[in-house]
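Several structures are given next for inspection.
In what follows, chain A forms one complex with chain B and a second complex with chain C.
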Partner chain A sequence: MWKNKPAIVSGRHQNPWLEANIPLAASLDLDIARRSSGGGTVYHDEGNLNLSFLKSRDSYNRKENLDLVVEAITNRWDIDLTVNDRDDIMLNKLYKVSGTAAKLGRLQSYHHFTLLHCVNQDLLQRCLTSPMQGASSKATKSFPATVMNLSEQEPDITFESLINTIGRHFLAEVGQKITPDNFHYLNPLCEEDFPGVTDIAYKLQTWEWRFGKSPDFSIHRNFTGQTFKSRPYSVQVNVAVRKGALTSIEIGVDNPDLELLDCLINQFCKDHSGFLLMHDNVKDFESKFLYCFSESEDGQSEYVTEAQWILKCIVSSLDFL
Partner chain B sequence: MQASLTMSMRRFSHFRWLAAYKQTTTTLQNIGAFTQTEPNASVLNGRSSLHSLLERTRFTSRLSACTLSSRAFHTSLRHGADEVISVNAPSFADSVSEGDIRWEKAVGDSVSADELVGEIETDKTNMPVYAPSDGVIEQFLVEDGATVTAGIPLFKLKLGAGAAKPAAASPPPATETPPPPPSSPKDVPPTSSGPIPSDLPPVGAPPTGPMASIPTAAIKPQPAASSSIAPSIVGHVGGSRSEQRVKMNRMRQRIAQRLKDAQNTAAMLTTFNEIDMSNVMEMRNKYKEAFQKKHNLKLGFMSAFVKAAAFALQDQPVVNAVIDDLEIVYRDFIDISVAVATPKGLVVPVIRNVEQMNYADIEKTIAELGEKARAGTLAIEDMDGGTFTISNGGVFGSMFGTPIINPPQSAILGMHGIFDRPVAVSGKVEIRPMMYVALTYDHKLVDGREAVTFLRKIKGAVEDPRIMLLDL
Partner chain C sequence: MAASFARRAIFPTYRCLNGLTRYRQNACHARFISLSNNFQASQWFTKDHEWVTIDGQKGTIGISNYAQEKLGEIVYVELPEIGTSIDAEEVAGCLESVKAASDIVNPVSGTVTEINEALKDEPALVNSKPMDEGWLYKMDLASDVRTDDLMDAAAYKEYCKSCD
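This part shows the complex of A and B:
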């Protein structure tokens, strides 16, 4: 059983940009993480209890774990907790207080789930609303639900009381009482106790794992409202992302007078795409673009404005970073 | 030797049958299970029936490396190099029927036996798909992200370790393109050697369109045609300053209207009292299991309050009445509206003729209405009428508060949270679970004395339900 400092955790095959508000998280200094199990994106803070049931592949049984925890809690406190058919734990049959995910290996398995007892709900809602528009991807989608904290129903429920209640119940199932041997804190990053964990921790913190593992996706945006030589036109931006890298940017301008500019910008984009989808890279791209499409000796100023508008369109398509 | 040969024959007969059966392609179940060493591991998830024959023997899934076999079997076992086999999806856990496949490797990648080729995500669980033996991935039979069911063919593997260097997580091709340091661009043959080209990149026949310059500083970032809702952050000092306009939904508009109407018509004021909940809680603990067994319902607090309110309304009928123009309308039925919070907003369904009900009837009706509220099937008739309302702010932890009357009624009872407090009982200080209750009433109709008496009656009836039986 564990808790962590505020973080947004996405499932193994999800696209964090599409599931969460990454700019907001960055501004609030929240961690963005990806787990190895499936399922949707969740928000953790210290008001959330995480439970991981590590069992052999043969003993894998989600309902059993969930029922155990529900039983432990309802035996002690008088609240209405049930497990629904999506393996969520529901409070008053209305509010979700827990989400589940699991991973099967060859010989082992784990099933872990959250338990919201005192989480910052406002932050949760804001973090899990992505500002991304125009994206199409085959990444796993999250399933939004209305949540509630257990402590709202029963103020006595805290991290301490939960781990004690659940721990006692878990041990009672095998006829044991809580002793310092079978119920104690441990340090999950201790390399001696858990050889190999340092490498795993390192890998989980790389950008490649957290963002690069997103399934391929593309963005299509359409921007209107500009005119050129008193003729309104629109700009289409198509961006393709593979393994966290922007593999192509294509624009389309539907004004024949700007065809040349269209060609030039597309060529520029072809030459300068292929970078990882990070802020700094986008800023870099921007500054190169501005440099290239700026004045020259016998300048024709009219194109500059349009080029810069198109750049704004491109950057705006990537404003979810 | 002879004995072991016979044993081996029996064990491998399945293989031999397979070998004889195959033509150019053979179908194998995902046989990652071969590495299980536990002798009594159950046959899980339809892993191949081969496993049950081989449970006591340790096999790698390299079909050719069967060290227990004799030479004759060895030959028949080894599939020829370059043979292409089709690998199926394993069966799924949790009685789920389908999932999405995510490929970790790409076509042309070299894989070794038991290496992870992809993952199937079913219902929030990730399951691995392993390569049954060394080889090269020839073709994916389903594309990345597609839905798969158990047992369907997933990919074609061309056997033979010699296809290329054994792949130890060969980096997927796309990572060639972005180098980790963000600043250097993909190299562009015709132009720049340095990071920023000194002049425009030559891009083909038309001469580069020269443009006048605008200093970069003069360009202010503006939102694009589609307005973005997320606050803009990077590079800004200080918080976001954008607003977000969301239209009020119908329910909200109506609630706003009614609340204001209530305030404008009624001369509202609130009287308070506190209730010692220990008796109710004791009664509940004593009878809740029997109640659950007989009525299949949870015994809550609402029934106690609803019944007490009905009792008090019979005692003070003016609280159950309403002003209509210049007349006072007294009603001999008691319909109590109970406020229920749903994710969509507050709804107030009505329990009709409470004066005839007992605790069980009340609980049953509340449960039914609650179900309908959750399912969203509450009809207008269910929410219409009502002569008195009870609202429970206690579920959210409120201690004290003034509810607003639900028009066209004349009064509303607000329940609050139950908290342990020290109170004086028979001259001594004791800790009791106490609840503050509030009665907001329309002074145009109900006078102070009646309101206070009414509330005290509720207090009495909740603290000791016997007075209802004795009609005290």
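This part shows the complex of A and C:
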């Protein structure tokens, strides 16, 4: 059983840019993580209890684990907790207080789930609302739900009281009482106790795992409202991303007077794409673009304004970083 | 005309080799894959409910009907990169269903040559057609591939009964 400082945790095959507000998380210095198990994106803070049931593959049984926890809590506190057919724990059959995910290995398995007792709900909603527009992706999606904290129903429910109640119930199932031997804190990053964990932890913190593992996706945006020589035109921006890298940026301008500029910008994009989707790389792209499409001796200044507008459209398409 | 004549000349030699191979198999209780073109493609199953169809030096890997039933509706298939070398019993990829993310355990050593692109758009093909169109990836098999630890269809059917 564990808790962690504020973080957004996406499922193994998800796209964190599509599921969460990454710019907000960055501004608040929240961690962005990706699990090895499936499922949707969740927000954790210290008002959330995480439970991980580590068992052999043969003993894998989600219902059993969820029922055990629900029973432990309802035995002590008078609240209406049930498990629905999505294996969510529901409070008063209306509010989601827990989401479940699992990983099956060859011989081992784990089933883990959250339990919201005192989480910052406002921040949760804001973090799980992505500003991304125009995306197409085969990544697995989250199922949004209305949540509630257990402590809203029973103020007595805290991290400490929960771990004690659940721990006691878990041990009682096998005829044991709580002792320092069978119920104690441990350091999950202790290499001595858990050989290999340092490597695993390192891999899980890399950008490649957290963002680069997102399934291929594309963005398609359409920008209107600009005119050139009194003729309004629109700019289409198409971006393809693979393994977290921008494999192509293509623009389309529906104004024949800007055909040459369209061509030049597309050539520039071809030459300067391929970078990883990070703020610094986008800034770099921007500055190179501005340098290439700046005022020149032969007075092509009228095109400079349009080039800068098109750049704005491209950067706007990537404002979810 | 010349080609069929050549085949007739070669065939007896291959059949002879196959006979020798079978003799060695019976003597040593080890099954090695013959390199003959005459050898019929064979299908094998693992205890992890994966199947591999071996045709010469080529292998096609998928999961069994039993496996797809247990997993539930598959929503995402994570496959190995083409060109990756994977040993037997190593994790090759992952199948995410509504219930869990499950490792794909590679049945025989080899190098990945092709992945089933259809699964990008239609991951549930693994549920509806696990034994054919829902195949996962193909490999060039390692030269020392063994089927000792694998089961044929009949043995696998018995094994499944013991799993429930």
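Quick notes on this one:
The working rule: the second predicted complex is superposed on the first by the 321 of 321 C-alpha atoms of A that agree within 3 Å, B and C clash if a C-alpha of one lies under 4 Å from a C-alpha of the other, contacts with A are read in each partner's own complex, and residues count from 1 in each chain.
Operating definition for what follows: contacts are C-beta pairs under 8 Å (C-beta built on N, C-alpha and C of every residue); 3 or more make two chains touch, one makes a residue touch a chain.
If you're wondering where the values come from, they're calculated on a predicted model, not measured in any experiment.
When the two complexes are overlaid on chain A, chain B and chain C occupy overlapping space and clash.
In the superposition on chain A, A:103 makes contact with both chain B and chain C.
Look at A:16: by the touch rule set out above, it reaches neither chain B nor chain C.
Touch criterion met: A:133 reaches chain B, while chain C stays clear of it.
When the shared chain is aligned, chain B and chain C each come close enough to touch A:215.
In the superposed model, A:6 lies in contact with neither chain B nor chain C.
In the superposed model, A:271 makes contact with chain B only, not with chain C. Between chain B and chain C, more residues of chain A are touched by B.
Shared contact residues of chain A, touching chain B in one structure and chain C in the other: 11-13, 36-38, 60, 62, 86, 101-106, 111, 138-140, 215.
Only residues 11-13, 21, 23-24, 26-27, 36-40, 57-58, 60, 62, 80, 86-87, 93-95, 99-107, 111, 129, 131, 133, 138-140, 146, 152-153, 155, 215-216, 221-225, 242-245, 247, 260-261, 263-264, 267-268, 271-276, 278-281, 284, 287-288, 290-305, 307-308, 312-313, 315-317, 319-320 of chain A touch chain B when the two sit together in their complex. Chain B contributes residues 32-33, 35-36, 41-42, 44, 93-94, 100, 102, 114, 119, 121-128, 130, 144-146, 172, 174-175, 177-178, 180, 182-183, 185-186, 188, 191, 196-197, 199-201, 203-204, 206, 208-214, 216, 219, 221-226, 228-234, 298, 342-343, 374, 395-397 to its touches with chain A in the complex.
Across the complex, chain C is touched by residues 11-13, 36-38, 60, 62, 86, 101-106, 109, 111, 138-140, 215 of chain A. On the chain C side of its complex with chain A, the touching residues are 48, 75-76, 78, 89, 91, 94, 96-103, 105, 120-121.
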